[in-house]
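For clarity, chains are labelled A, B, C, D, E and F in written order, and residue numbers in each chain start from 1.
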């Protein structure tokens, strides 16, 4: 981090603005992020039988995640609006947790990590909303970017 | 959980709807939730010197969290709209993490856990957005409700 | 209609405004509305096998309808914001059509016909979106209020 | 429909996602859709004298339709955001109905049928809102795409 | 101002939050605000002939103002959501300016100055949008609250 | 103005629509606009000490302006959606007023004056919201475009 002693969005006077991306190249960019909802085994069983959903709960949360990806620039103040060209949200039920994986693709000028993270987070919050009456101590965690491609910073996968 | 073998939002046919709260009492309700952004010590130092913010980054994320609390029913599909009467979002910088605590109050007919969780989560995502250029491996976790009061299910604190 | 020669939202000078409802009583009000998507039998079969959904398509459209009900005052310019306390959206697949029925309840000062109509309409549009690649000549129609209760204008059912 | 036994938005596992359009060509695309509000002759007379509006009601509904076109990706869960470059909404009053025609154009990667259908539908709902006090039995119907141009699926007009 | 040395929204530590209004009384409150668009006489003549609108421009701006009033808590970060029960927006064309007056009423726990100011401001911005091709030097000014009633701070009129 | 006797958005029949920009060139465009909040000297002192903010108030208003720029097409009915690539909002405290300057850049097909004006106006409204308890007679004015570049109408600065 020797090359920078401040955050990209923050100017030398300490104020934060939406940085200029008008000169960046428009390329196909993709990011995959995850969130994990940890609850009890009996609650996971209410959501899914093995990999099969037992009702609409997973579908509702998938839609919540997809729609949230499109709202990212309305939620994250300094995020640039981007023409999202693909969103997938998948659920991987485990013993006492559900892992959510969201992939977002764009043909735009900035990366879509924030869109993927927002999709995964809101899908997790939506699941939480549906189980909170049966488990008020559920926890959402391990929200992170798993892979990124496109853009000048190079492709990578965790 | 013996008293229920399905989720409150999900009907016997497996479909999920926004449940009826028209007969619930309007009382003052409050919830406190948290999220934790884990990054590197040098990145935390870019955000704050001790408890003091070094620029607008924390203020931007606080606003993001407050505004997100108001958008909760637009983000969480089966969440009821509520007249939010208070939102606070506080940041507690640690060595290599920042803990975010959000408190939401309403005089309404349902609890505000989802609003508090959404405020904390979006504040964390907004912080992530500002540090992602210096730490692409930051993780958001430990998102949970810390305390709840008002409503018939009783007050509690973790 | 002899008692009125102009629309309630339109003043004598012809301009339209959001009319004053501050003196109206807050009561529990409910409205049920429908929309019908007419397509081909083979397309209905892609959506459902009898009453059972064959995939997420119906769930996606249900969520679309529920979330749209909450957006009604953002869509219909002179509509008052209301604290929606319940939304259900149901699908009734027929031979070559799907009937959608939405019920909305509030404890508020105006009726919720527009919310129920908006929920049914947007659920139908969302279904249309998913079948448009296989039937570009689908038609949405018969959008109307089926029943209304609460409020001073009296309860009624079609 | 022999070439496909499932819906484009629905994967083989039955889950629905926002499909990838990042490889599609950006071209000028246009769609025209309609909706018809059927009411009583005296109610149509409150809205217009011949082709001339008698007050703001038609203008309000035109704005509602135009603004709704821009909100299409927020309303229709799996719809892609598009840079809308034109929206027109016209009203054709008849004896006991008003036909609404909406045309949307974009320079984008997917068609704009949903935007045109949404504009026509919401304009019709907005008209309904203004006449519902004088006719609680109005019906909205015959919502369909009238013409489409641009894109690889070919131009067509009903 | 001797009784306070800081802003109501800002805590002693300098951070700004949405203040608690859960204990405030729900009463009928109203505010009237204005904005003035100053342009050229020939441009005003394009908008209105005397008091009569020459086309949809004033109606479009009225709708913009009314809808913006409903969006106030989404625009003004620390503003509380309120159940708006009335919005009127009127235009008073002068020689080389148009004065816009907006009145908002609620039955809620906080005042509606911000809603009235937002309605007047956005109506003015919408008018500006329609005349900017013929007058790029128009100016919007004199945005202020004209009168306020309801609430414990007392009624007043300029 | 001899070349036009009506507004660009208004057709010959008087109706207003979103005009077609699909054939316009995509270029880098920028606009700078301002708004001025006039209050009392002691209130300005609550907001800033010289150029330094005394708390979060300026940061909150900056975020409000930046987020409002992104909402411009949702607020201004006939405004085209644009991919905003930069927004800055700066505050210049004076003796008894604060001048707000907003700059917006895009790589798009229409100018961004409305986005810059909306950012400056909403930032001013947000400041007003925070000082209204200490000065109910503050005034927002002198909202205008200061400079514009890009696009076929030529660059200019006031």
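By definition in this document, a contact is a pair of C-beta atoms (placed from the backbone, for glycine too) under 8 Å apart; a residue touches a chain by one contact, two chains touch by 3 or more.
These numbers were taken from a predicted model, which means no experiment stands behind them.
**Student:** Identify, among B-E, D-F or C-D, the interface equivalent of A-B, where equivalent means over half of the contact pairs coincide by residue number.
**Tutor:** Residue-number overlap above half with A-B among B-E, D-F or C-D: C-D.
**Student:** Between chain pairs B-E and D-E, which one is joined by a greater number of C-beta pairs in contact?
**Tutor:** Contact tally favours B-E.
**Student:** Could you give the separation in Å between the centres of chain A and chain D, each centre being the mean of its C-alpha atoms?
**Tutor:** From the centre of chain A to the centre of chain D is 31 Å.
**Student:** Please report how many Å separate the Cα centroid of chain A from that of chain E, as a whole number.
**Tutor:** About 36 Å separates the centre of chain A from that of chain E.
**Student:** Identify all positions of chain C at which a residue touches two or more other chains, and write them in rising order.
**Tutor:** Correct list: 15-16, 56, 59-60, 62-64, 67, 71, 74, 77-78, 83.
**Student:** Quick check: in the complex, which residue numbers of chain F touch chain B?
**Tutor:** Listed in rising order, the residues of chain F that touch chain B are 56, 59-60, 62-64, 67.
**Student:** In their shared complex, at which residues does chain E touch chain F?
**Tutor:** Within the complex, chain E touches chain F at residues 1, 4-10, 14-16, 42-43, 46-47, 54-57, 59-60, 63-64, 67-68, 71, 74-79, 113-114, 117-118, 121-122, 124-126, 128-134, 136-145, 148, 156, 158.
**Student:** Note which residues of chain D are touching chain F in the complex, please.
**Tutor:** Touching chain F from chain D are residues 28, 59, 62-63, 66-67, 69-71, 83-90, 105-107.
**Student:** Taking the touch rule as given, give the residues of chain E at its contact with chain B in the complex, in rising order.
**Tutor:** 15-23, 73-74, 77-78, 80-83, 108-109
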